[in-house]
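Quick one: structure below, then a few questions.
Order as written gives the chain letters A, B, C, D and E; numbering starts at 1 within each chain.
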Amino acid sequence: MSKKTANSSENLALKNPFELGYTFFLKNPVNQKIVYGDILLAIVVWTVAISVTAIFLCICADLVIHGLSKLSWQFLLSEPENAGREGGIASILVSTLMLLIICLAVAVPLSLGTAILLAEYTSKNHWFGRWLRISLDMLASVPSIVFGLFGNAVFCIILGMGFSILSGGLTLACMILPMLIRSMEEGLRMVPDEYRLGAASLGISRISTLINLLLPAAVPSLIAGLILGIGRASAETAALIYTSGYVDRMPQSWLDSGRALSLHIYDLSMNVSGGDSNAYASALVLMMLLIVIDSLASWIGRQWLNRRLQY
Amino acid sequence: SKPAQEETQQQKLTITGASTIAPLVSVLGKKFEEKHPGTRIDVHTGGSARGLADANQGLADIGMVSEALTEEEKKGLKVFLIGLDGVSIIVNKANPIKSMTSEQVKSIYTGKINNWKELGGPEAPITKIHKAEGRSTLKLFLNYFKLDNKFIKADTVIGDDQQGIKVVAGNPNAIGYVSIGSAEYEMSQGVPVKLLALDGVEATTANVANGKFPLMRELNLVVKNSPGKLTQQFVDFAQNKDNYEIITQEHFVPPTKH
Amino acid sequence: MLPSKTKFKTSAANAQLSQYYLLTDQLSLHYGSKPAFKNVTLTIPRGCITALIGPSGCGKTSFLCCLNRLTDLIPNCSISGQIFLENLNILHPQTDTTALRRRVGMLFQKPNPFPLSIWKNIVFPLREHGYHDREEIEQIVEEVLKDVGLWNEVKDRLKSSALRLSGGQKQRLCLARTLALKPEILLMDEPCSALDPISSAIVEDLIASLRGKYTILIVTHNLAQARRIADYVALFWCEEGTGKLIEAGSVEEIFENPQQPITAAYISGNRG
Amino acid sequence: MLPSKTKFKTSAANAQLSQYYLLTDQLSLHYGSKPAFKNVTLTIPRGCITALIGPSGCGKTSFLCCLNRLTDLIPNCSISGQIFLENLNILHPQTDTTALRRRVGMLFQKPNPFPLSIWKNIVFPLREHGYHDREEIEQIVEEVLKDVGLWNEVKDRLKSSALRLSGGQKQRLCLARTLALKPEILLMDEPCSALDPISSAIVEDLIASLRGKYTILIVTHNLAQARRIADYVALFWCEEGTGKLIEAGSVEEIFENPQQPITAAYISGNRG
Amino acid sequence: MYLLRIIAAFVGVIVVFILVFLMMESMPVLNQVGLLAFLTNDSWNPGDKLYNLTPMLVSTVFVVAGAVVVATPLGILSALFCHYYAPEKIAHFYRRLMELLAGVPGVVYGFWGLMVLIPLINRWHPPGSSLLAGILMLTLLIMPTIALIADASFAGIADEYLHGAISLGLTRSGTIFSLILPIARSELLMGIILATGRALGETMIVLMVCGNIVQIPDSLFAPIRTLPANIALEMDFALGNHRSALFVSGLLLMAISLVLVLLAEAIKDN
C-alpha cells in the first residue's frame, strides 16, 4: 500500500514509454469494430496535457525573459529601495515566509482536527457536519478583499494586533480553512473501511487508528489540500493590504507589519511606474519559493508515509 | 515613566491612505528613518477616503490624500501639499493623432464620436478607458471636462494608472487618461503609448510644474490639527525642497509654485 | 451450549449467566430494513471450540460482528436482542467497546493486513495493548509467526510491506496478529479458506491446541474440519433471504444424530 | 501437457506451438531481486481443466498473473522466459495487452467486486466488450448469476452496492462477471475458497461444464476438488523461498502414480 | 475527541464570525433601502443611491460558469493524464507544474492576460477586455485546484479495483469512465465546488481583464464587471451606504455559492 501510494502514478501508467496509452486497433470481440473511444480519449488527454504545459511554459517564459536579468543573490539578499524599483526583496521574502508560517501553523491543526471530526466522528448527515460543510463551501467564495476587511476589523482593531504579520497570517488562515478542511475530509473518507474494521477488532483505540493507519493512508489528499492552501495563501494580495500591511522593512517581530511577495508584485506592477522588471523578478522568486515549499510539503508527507514501514 | 512611554510612542508614525502616494511616502519615510535613527515610519494603503478617516479618528498619524480636499473635509485637519500629478490623455503610439481638444475628449467619452476616422485617424472603433468610481483622477477628469459619470460610455474601467497604460499599450485603438509622470517614464522605457497635447498644451511634467497644463491633482498629507512632534517633523521633511529629487524620481511634480 | 437447542426467555438467560460464558438472546440484525438474521439464541461455553456452519450469505459473518460490536462501524446496521459475556451486557450503549474488543478478538474472512510492514502489523496492536518491552515483543512476534507457520517464509523480510504477501500468507499474518494479543474469545471467520492442506493442518492444530485456554468461535465451510476440531456446532440457514439458527449441539449430535432434516441434508452434502 | 515433465528449448517449444495451446518456457518471476518462482516450463492443453496446487506462497498467483501480463501493473516485478498463446508471444513488449486480457480472463484470490451496484459490476464490462442490446445484457446477467447460484440471493437488490455482499457472494459475483465475458482462457485463483459445500458444488459443476469450451487454469487448495474436476495437475513447491514446478501430468498420473517424492507426500496430506 | 470538538467548534465560530461580520457591515444599507433595491434599481450608482447589482450578478455567474465548464474537464483530464497515461517522470513533472500553477498570484495571471491575451482578443474583436478573457484567465486559475484534488482522489483508489478492471480486458477509457470517475465522484464534486468558490471570489484577475463595465453581457466579447471586482474597485473609496452596499455584494456572492452547494448536495444524494 505504502509502495503504491508513493508510486501511485505507476498504477496503470505505461511501462513502455513509446506506447501512448491506448491500444492500437483493438477489435471489439462482439461486433469486431475497432474501438475508437480509447484512442480518442488518449489523444484528448495528451492534447490537454501538452497544451496546459505549453500555456504554462508561455507564462513562465514571459516571467523568465523579463525577470531573469534582475535575478541574483544580490536581489534576494538586499532590501528594496526606491519603492521597490531598485534593490532586492530580502525583507519581503522574510515577511512572506513568516506569514506562511503563521498561516499554516494555525490553519493546519485547525483543519486537520475539523476534518477528522467531520470524517471520522460525525455521520455524513449529522446536522453539525452538514452545516459546517455548507458554510465552509460558502466561505470559499468570499472575495479575499472581504477577508481582508474582516481581518482588519477583528485582528487589527478588535484584538489590537494592528497592521502586523500576525494578523495577516491569521486572516490567511481563515481564508484557506475551507480548502484544507474539505480536501482533508474527503481524503479521509476515501480510506477503505477494512482498515477501520481491522483496527477496531484488534481493540486499537480510534485515536491510534487514526494516527497510525488512516492519516497515513490519506496522505495524498492531505498533501493536495496543503499545497492548495499554500498556493492560495502565497498568491493572496487583497486580504493582506488591510492586515499585514504595506511596509517593506525587514520585520523585527511577529507584530511588525510586513509586505508579502504577492502584494509586492501587485504594487510594483500596478502602482509603481517603472516597477515592472522587479515585479517580474519577484514573481519568478515566488514561483521558485513555491517549488521549494511544495516539494518540502510532499517530501515530509512521503517521509511520514515511509516511516510506517519502519521497524 | 509616562513621558518615556510617550517618547517611545512617538518613535513610530503610521501613515495610511491613497495607494498612488504610498510608494513616494515609503521612500521619504526610509530617508527620514535614516536621518532620525530609532524612528519608524509605517506606510499602509487603503485609499484616500481611508487616509482621511484614519487621520480624523487618530488611527493613523498622517493620512495620504491624492486630491484637493473640500472645505468640509478639511475641518479639523491640517493639509500639507507634497506634490502634484498631472493627468492627461494617452493613446497608443501607433495612433497618428497628436493632440485633442476638450470638446473632442468630451464627445469621445459621451459616445458621440466612436471611430478614430472622425478625428482624422484610421478607420477603427475607439476603445475608451475610464477610471472606476471614487478615484481622484476620475473626479478630476469629470470636473475638468464637465462630464457626468452617468453619461459616459466606456469600454474598459480600470483601477490603477499602470493598468491603463498597459491596456493602451496593447490596444492601438484605445484612449485613456493617466498620470503624466508615469506615462512619461513608461514612454522613456519604450512602452508604445503617447501623451496627447490637450487644447494645444503639451502634456509634460515641465508644463505641469510651471502651471501651464491645467489638468492635475494635488498629493496631500493630512494630519490632525494638533500633530505630535514627530509627525510635524516628518511633514516638514516631506515638504522640504531637498527631497524634491525623490518626488521627481517617483514621477510626480514637486509643488514649487503652489 | 445446551445439549438440545432451547430458546431462553431473558430471565432464564440471566439465570444461566454463570454457567454459560457467551450468550446471545433473540439476537436479530438488520441492514437497513433488510434482516440479515433473526432471533438467534445461542450459548457458547467457555474454553470450547464452537463451529458455525451454513450456506453463503446466511449471516455467519454478521453474527460474529455482533459479538464484538463491530457492527457499530457498519452504516445502516441495527441489532436487537441481547448478548452477554459473563456479566457484561455487550449491546449496552455504555459498554466500553475498545475494552470489549480486546477481550473478543476477531479474524476476518477477507484477510486485511494493514498497509504497514509485516513486523508492524503485529507490533502496532501489541504496543497499543501495553507491551513495550522490546525483547518481549520480539519474542512474541517470532512465537506467533511460528505458530501460524509463517516464520520461515517471512523472517528475512519482516520490514517489507504486508500487502506484498501471498493470499495465504496474509491470512496467516492476520491470524498471528490476532493471536499475539491473547484475547479471551477468538472469533475466526474461515481462517483456513486460503490455505493449502499443509498450512491448514498447522493452523488447525494450533486452534485445537488453544482449546481450554481460549473460547473459540470459528466459521468454516469445511465440514470435515468442523468435525475434526469443534466441540460444538451451530448450523445457520437462509430462509427467504433471512438467516436463522437451525440447530446447535455437540459435534457428535449434529454429525451423527441431527434433529432437523435440513441439518441432515447439509452435512451429508446434499443440496438444501 | 506432456505426460512426463520435459524442459523445452525455445526452438523445441516453437515446434510444439500448434500442438499446445498455452505454453510457458523457462518462466521466472522476480519481485525486486527476490525470485517468486523460477524456470517454470509448462504446457496447458486447449479445452482442458488444469489445476495448480501447492503450498501457500509458492508462486501460484504470481504464475497466473504472468499469463495475462497483469504483472505489468505490479511495481518491481520482472519476468524472464517466454509465454506463448498459440502464436502470440505474450511477453513481447508490443503485444496488445488489452486484447490479450480479453482472451485471458482472471478471477482473483481475494474477491474484488467494484464499488458499484451488483448490476453494474456485470454490465459495465459487458458494455465495454461491445454488448449494447439491453435485452441481451439482461439475459446474460440473469444467466451468469444463475450459473453461480447467486440469482435468488440478489435478484431483488441488483441495484445495491456489491460491497454489501457476504464474502462468498462477492466471490461468486466476481466469477459471474468474468464468465459473462466468455474469455478463451479462464484463470481462476481459488474460486471456491470462501464457499460453503453447496455453492462450492454448484461452481464446481459449472467449471466442469465449461470443459471443452474454455481452457481453464484453476488454483485450488482442495485436493479432492482438483481430483474431481481437473484433467491435468501441476504441483508447485517452495524451495528456499523460491517457487518451482515439481511435477505436472494428468490427474491420474499425479494422484495415483506420482514420480516425485514431494508430490507423493503432498497428495497424501503428509507435511512436506 | 473533546479536543476535536473544541477545534471544530472554533472553526464553526470563525465561520459564523465572518458571516456575522458581512451581515453587520451590510445591515445599514439593507435597513435603509431593502434587499429588493439591489435587484430593481435602475443602475449601479451608489452616489445617487442606486444600487442595482443584477448586471454584476449575472456577469459573475456567466464568467464563473464559463470558467468552471472549461476548467472541470481540463482539470480532470490533467489528473487522468498524471495517473493513467503519463510515464512516471512526466507525471511527476506535470504534477509539480499543477502545484505551481495553483500558487501563481492572481496578479501574475492578470498581468499576463493584460499583456498577452487582451491584445490578442482585441485584434479579433475589440475591446479585448471581455467576458471571454475573464473566462479564460479564471480557467487557468482554477484548473490546478480541480486537477490536484482529482489527482489525490485517484491516488486513493485501491489497486485491486484497477487490477480487476484490467484483467477483465477493459480499455483504459472504459475503466476511466465507468469505474474511476464514479468511484471518485464525491471528491471530484468537492473539488469543483472549491474551484467554483475560488473563481467566485477571485478579484485581481477579473479586475484586470474583464473591463469592469457594469452591464449584462450580450456576447462573449462584451466587457463585464463582477461582484468581487466591484468590491475591489470601489471599496477603497466608498463610505457609508456605498460601502455597505459593497458588502451586500459579498453576501450575494455567498448566496450564489449557497445555491451551488445545495445543488451539488442534491446531485450527490441522487
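Keep this in mind: contacts are C-beta pairs under 8 Å (C-beta built on N, C-alpha and C of every residue); 3 or more make two chains touch, one makes a residue touch a chain.
Note that this is a predicted model, so its numbers are computed, not measured.
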Chain labels contacting chain A and also chain D: C, E
Selected interface, A-C versus A-B, where C-beta contact pairs are more numerous: A-C
Maximum centroid distance from chain D, chain identifier (CA atoms): B
Chain centre separation (chain B, chain C; CA means) in Å: 82
For chain D paired with chain E, centre-to-centre distance based on mean C-alpha positions, whole Å: 50
Gap in Å, rounded to a whole number, between the CA centres of chain E and chain B: 34
Sequence positions of chain D contacting 2 or more other chains: 73, 98-99, 102, 110, 129
Of all residues in chain B, the ones touching two or more other chains: 19, 45-46, 159, 163
Sequence positions of chain A contacting 2 or more other chains: 3-4, 7, 10-12, 23, 26, 38, 217, 269-270
Sites on chain C touched by chain D in the complex: 31, 34, 53-57, 61-62, 109-111, 153, 156-157, 164-169, 172, 189-190, 193-202, 221, 223, 238, 241, 266, 269, 271-272
Complex interface listing, chain E residues touching chain B: 43, 45-48, 111, 114-115, 118-119, 122, 126-129, 207-208, 211-213, 223, 225, 232-239
Chain C contact footprint on chain A (complex, rising order): 1-4, 123, 193-206, 208, 212-213, 216-217, 308-311
Partner chain A, residues of chain C touching it in the complex: 68, 70, 72-73, 75, 97-103, 105-106, 108, 110, 112-117, 119-120, 124-125, 128-129, 158-161, 163-164, 174, 177-178, 181, 183
Chain E to chain A touching residues, read off their complex: 1, 3-5, 7-8, 10-12, 14-19, 21-22, 25, 73-74, 77-78, 80-88, 91-92, 94-97, 99-109, 111-112, 115-116, 140, 143-145, 148-149, 151-159, 162, 166, 171-176, 186-187, 190-191, 193-194, 196-198, 200-204, 227-228, 231-232, 235, 247, 250, 253-254, 256-258, 260-262, 265
